[in-house]
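Common to both upcoming complexes is chain A, partnered first by chain B, then by chain C.
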Partner chain A sequence: MRKLWSTLNLPSKISVLWVLLVFFFVVTGNFLPLLDPTEYDPDASGVGLFSPGHFLGTDINGYDLLSNVINGARISILIALVSVGIGGLIGSAIGIGSAYVRGKVDLVVNLFFNILLSIPNLVLGLALVAILATSVDPSIPIDPNRRVFIIIFSLTVVIIPILGRIARGATLSWVNREFIVAARSMGMKDRHIIFKHIVPNVLPAIYAVIFLAIGVVIVAEGALSLLGVGIIDGVSWGAMIGRVAGDFTYAPQSMYVPVIVLALTVIAFNQIGDHLRSQLDSREGKI
Partner chain B sequence: MNNVLKRVVPLLLVIFGSTLIVSLLLQLLPVGLKDLYIAPGDEASVNEQLKSLGLDGNAFTFYFHWLNDFVRGNFGYIIFPGGGREPVSNRLATALPISLRLVVYVQIVALLVSIPLGIFTAYRAGRRSDRAISYSLFAAASIPNFVFGLLLAIFVGVKLGWLPPLGYVSPSEGLGEHIKTMILPVLSLAIPTIATYSRLLRSDVIATLREDYVTMAASKGLSNRRILFTHVLRPSSTTLFTSAALNMGALIGGTLVIEQIFSIPGLGTEIGIAIFSRQFFALQSYIALIAVGYVLFNGIIDVVLGFVDPRTRERRNA
Partner chain C sequence: MSSILKLENLKVRFATHRGQLEAVRGVDLEVEAGTSIGIVGESGSGKTVMSRAAMGLLTGSNVTREGRITFDGKVLSDMSRDEVRNEFGTGMAMIFQDPMTALNPVRRIGSQLQESLRVRLGMSRKEAKARSIELLTLVRIPEPARMLRKFPSQLSGGMRQRIMIAIAISCNPKLLFADEPTTALDVTVQAQILELLTDLRQELNMTMVLVTHDLGVVAGNTDYVAVMYAGEIVEQAPTTELFANMKMPYTEALFKSIPNINMKAGSRLPVIEGRLPDPTDRPPGCGFAPRCNYAQDKCFTDHPELEVAKDGHLYRCWFPLGDSIQRKVS
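Showing the complex of A and B:
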């Protein structure tokens, strides 16, 4: 563990600490002695940073920003982890499988990935959420939990081709190496070759991209809120941004607090992903 | 001829597939399209409406009805309660040029800034100035464009009051005002783009600088500037242009969000209106149009790259 830590440069160390802090809040946010993020303070609407009782101030309705930003991490990170986890698993399975089989299957899978990637990822996510989250009766908005589920589903669909293509590319570069050919000529079963020889070699490339993909999803959650289809009444970073997007002139901190926290988190995930990728390049270089 | 086909067929397949997917998405709506858009009436008028909207068959006949209209430049209708209709192409005629203008400005600004920046950081690679710039660029590339948009709107637009934080003025209404309203949106989209491009160019230029012909040029006594801009930039720019094309996707998505933030009446705003007012035919055409434009743009860049770097052309023909 200590050895791993010492290989990191300063920006990566800061990033790891920031991500750990965010995860700490994801786990403990509920139990920390904070104000209720959904209760507003009628005596303090739109107070600035470092006000008594409201360390990061409040928004125009009097919701405490510190408590919202800490509790908001839970939904935002949950959406990111679940959609990248499931999307990554499905995408990698399809990508590795099709690259291993090759032939017509691979041709079709590659076309399928290209088709999904031909719609810019935010636009695809937006279309999916907008369509799935349409309520049958326009006067009754859909259930907030259902909306979170729809957002996770939509962003999973967005992630599948991104990770699928990476896994496919990485697998293609391994399937013709001598040790795979040797394993096959010795009569090793395809299933064993894939899990014993290909997956361990493809995984590092996927790890690196997973961190970048988490960043993409966190950004998408915020962007969907600005486009008016994200989480509206709930506690998440996107919801905080979406609630005040129309008018932030009166209480600008209600906008820049969540936005800066979101940006720092995305930078941290990207930095870790970038570090993993550079490790990978040097490993490839040694081979 | 064979080469042309080899390029065009996959392109057409992708366009066909993506528009089909967008069309099939409408089938996932929790409400039926018929319930949304067919005004009640006698059987003849209902049938007439179903036929004109392509709803008289299954999901695939609906798609081909839409595709048939789409390739003829009919992008469907916005249907008002009661049955009134407005062609989507009316909206596109005003909204699309605004969004395109924004995207073009961003690409121009981004390339103008990132080319010198990328070359400079590569030339000073490893020195303190390079490290400082590279780390800031990394951070800037990771920050989503709406963060820049919102922060610029708050601080430059509202607090300092230097530039209008909202609104759009077309160049025909006043060029000065047009530029003023475009500065903040263009900056918010351009900063992350500049960062992405300069980082790519930096690593490419560093690789090119190790080539023998660069040493040769230096030993002939050519000036550093001459070497960098005439001998190094062109072979290094392939990745830059490929990524500029791919980045178009992120830029289109970003444009939608930035338009919402700065109240620019472009395609993003129209998409927002279509979602809010449940105009799914319009939404379908908007998204299909984005996908088609994005695919075609990438195809064109692919061809253009053959001219910039003949090495890629030969490799492809082989």
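Showing the complex of A and C:
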């Protein structure tokens, strides 16, 4: 562990610390002695940074920004992890499988990935949310839990081709190696070859991209909120942005606090992903 | 003696965007159990493709294989993929050309060595470990127990090739294909690996097909030699007979291009001028004719068939060496 730490450069170290801090809040956010993120303070609406009782100030309605930002990490990170996790699993399985069997299956899968990738992430997510998250009666707002579920689902669909294509590409570069033929020449079955020989080689490439994908999803969640189709009622970074999206001139901190936290988190994940990728490149060279 | 491997009219074609590429054009070969046969030819002559096709390792959708392959009394060419897989490892195994790429870079030597023992022979973890140490001792690797923990990148080429050999012989195959096992290694290691293979073959009573481009490698290590050119066997004979009595100008040219200690310093090594014929567009006559010093008009128009000489010597040439026929030397 110590050895691993010493291989990191300064930005990567800061990124790792930041991500750890965010995860700490994800886990403990509920139990920290903070104000209730859903209770507003009518005596202090729109107060600035470092106000007494409200360290990061409040938004125009008097919601405490510090407690919202800390508690909001939970939903935002949860959405990112779940959609990248599921999307990554499905995407990798499809990518590795299709690259292994080749032929027509691979052609169709590749076409499917390319079509999905040609649609900008946000447009695809927006379209899916818009289609799925509509209630039959417009006067009854859709259940917030269902909305979270739909956002996770939509972002999963966004992630599948991103990781799928990486997995496919990596698999293609390994599947014709001599050691795969060697394993076959010893009578190993396809399933054994995929899990024991291809997956361990493809995984590092996937790890690196997973961090980048988490960044993409966090941004997408925020952007969907800004457009008014994200999480509006719950506590998340996207929700904080969404609530004040209409007007933040009176209390600008209500916009830039969640945006800065979100941006720092995305930058940290990207930095870690980039670091992993550069490590991967040099390792490839050493083999 | 019974034959362990029999190829009858084996043809391998690849569909490429330039058309059908016929890499192996009707090879007939019989390998007797307990012997060792060398397949010799230059790069692109089809020797690697032939050995892989014989084992059934060419599975791409652009590959077509024709002909009958009989292994150990079973007709491989009629068997399903699953049935053929059952012969791999235990029936026949292969050593690959480049030990740098034939081992999985991210898995330890031990797990790669024990893989076939556990999957194919159903050994327990403990048995497999004991057996793998035994195998590493057999291929003369010092400190075998420590070796199991290492990754391929920590080993030299010679060591990796020993590991490859250990993997190949792990399930006691009857037939071992060695596809240019020494090409990627330096000369001193080459000799060690060849000696190891010859010893193992006798110890374990294996039949060996040694594929190489080096007639020198074949000389001391095989009982028979088949020379391949442009996807065909052009000459085949017991090793001693072949070296004593070459019939085919191509074999002679190969033989002459082996560096010799008696050569004058600074003299040029004789090479075979020209290239192999385009495999998508084979000429009608003998494939070697354009490069042959003895080629006559007939060689360019008529394709020679395999002729039988005495002592099991086969050759494919209209004007074989050592015949009294007058030929103009071009």
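Note that the second predicted complex is superposed on the first by the 287 of 287 C-alpha atoms of A that agree within 3 Å, B and C clash if a C-alpha of one lies under 4 Å from a C-alpha of the other, contacts with A are read in each partner's own complex, and residues count from 1 in each chain.
Here is the rule we go by: contacts are C-beta pairs under 8 Å (C-beta built on N, C-alpha and C of every residue); 3 or more make two chains touch, one makes a residue touch a chain.
Quantities reported herein were computed from a predicted structural model and do not represent experimental measurements.
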Superposed partners chain B and chain C on chain A - clash or fit = fit
Superposed arrangement, angle subtended at the Cα centre of chain A by chain B and chain C, nearest 10 degrees | 90
Which one hits more chain A residues, chain B or chain C?
-> B
Touching A:120 in the superposition: chain B (first), chain C (second), both, neither?
-> first
Which partner does A:130 contact after superposing on A: first (chain B), second (chain C), both, neither?
-> first
Go through the superposed model and pick first if A:49 touches only chain B, second if only chain C, both, or neither.
-> neither
In the superposed arrangement, which partner chain does A:20 touch: chain B (first), chain C (second), both, or neither?
-> neither
In the superposed arrangement, does A:249 touch chain B (first), chain C (second), both or neither?
-> first
After lining up the shared chain so the two structures overlap, which partner does A:32 touch, if you call chain B first and chain C second: first, second, both or neither?
-> neither
Have a look at where A:200 lands relative to chain B and chain C in the superposition and call it first, second, both or neither.
-> second
Could you state the shortest Cα distance, in Å, between chain B and chain C after the structures are superposed?
-> 10
Show which residues of chain A both chain B and chain C reach, each in its own complex.
-> none
So in the complex, which bits of chain C are touching chain A?
-> 52, 55, 57, 59-61, 85-90, 93-94, 96-98, 101-107, 115-116, 119-120, 153, 164, 167-168, 170-171
Of chain A, residues touching chain C in the complex | 102-103, 177-179, 181-189, 192, 196-197, 200-201, 286-287
Touching chain B in the complex, chain A uses residues 11, 111-112, 114-123, 126-128, 130-132, 134-136, 138, 215, 219, 222-223, 226-229, 241, 245, 248-249, 252, 255-256, 259-260, 262-263, 266-267, 270-271, 274
Tell me, which parts of chain B touch chain A in their complex?
-> 10, 13-15, 17-18, 21-22, 25-26, 28-31, 135, 138-139, 141-144, 146-147, 150-151, 153-154, 158-159, 248-250, 252-254, 256-257, 260-261, 268, 271-272, 275-276, 278, 280, 283, 287, 290-291, 294-295
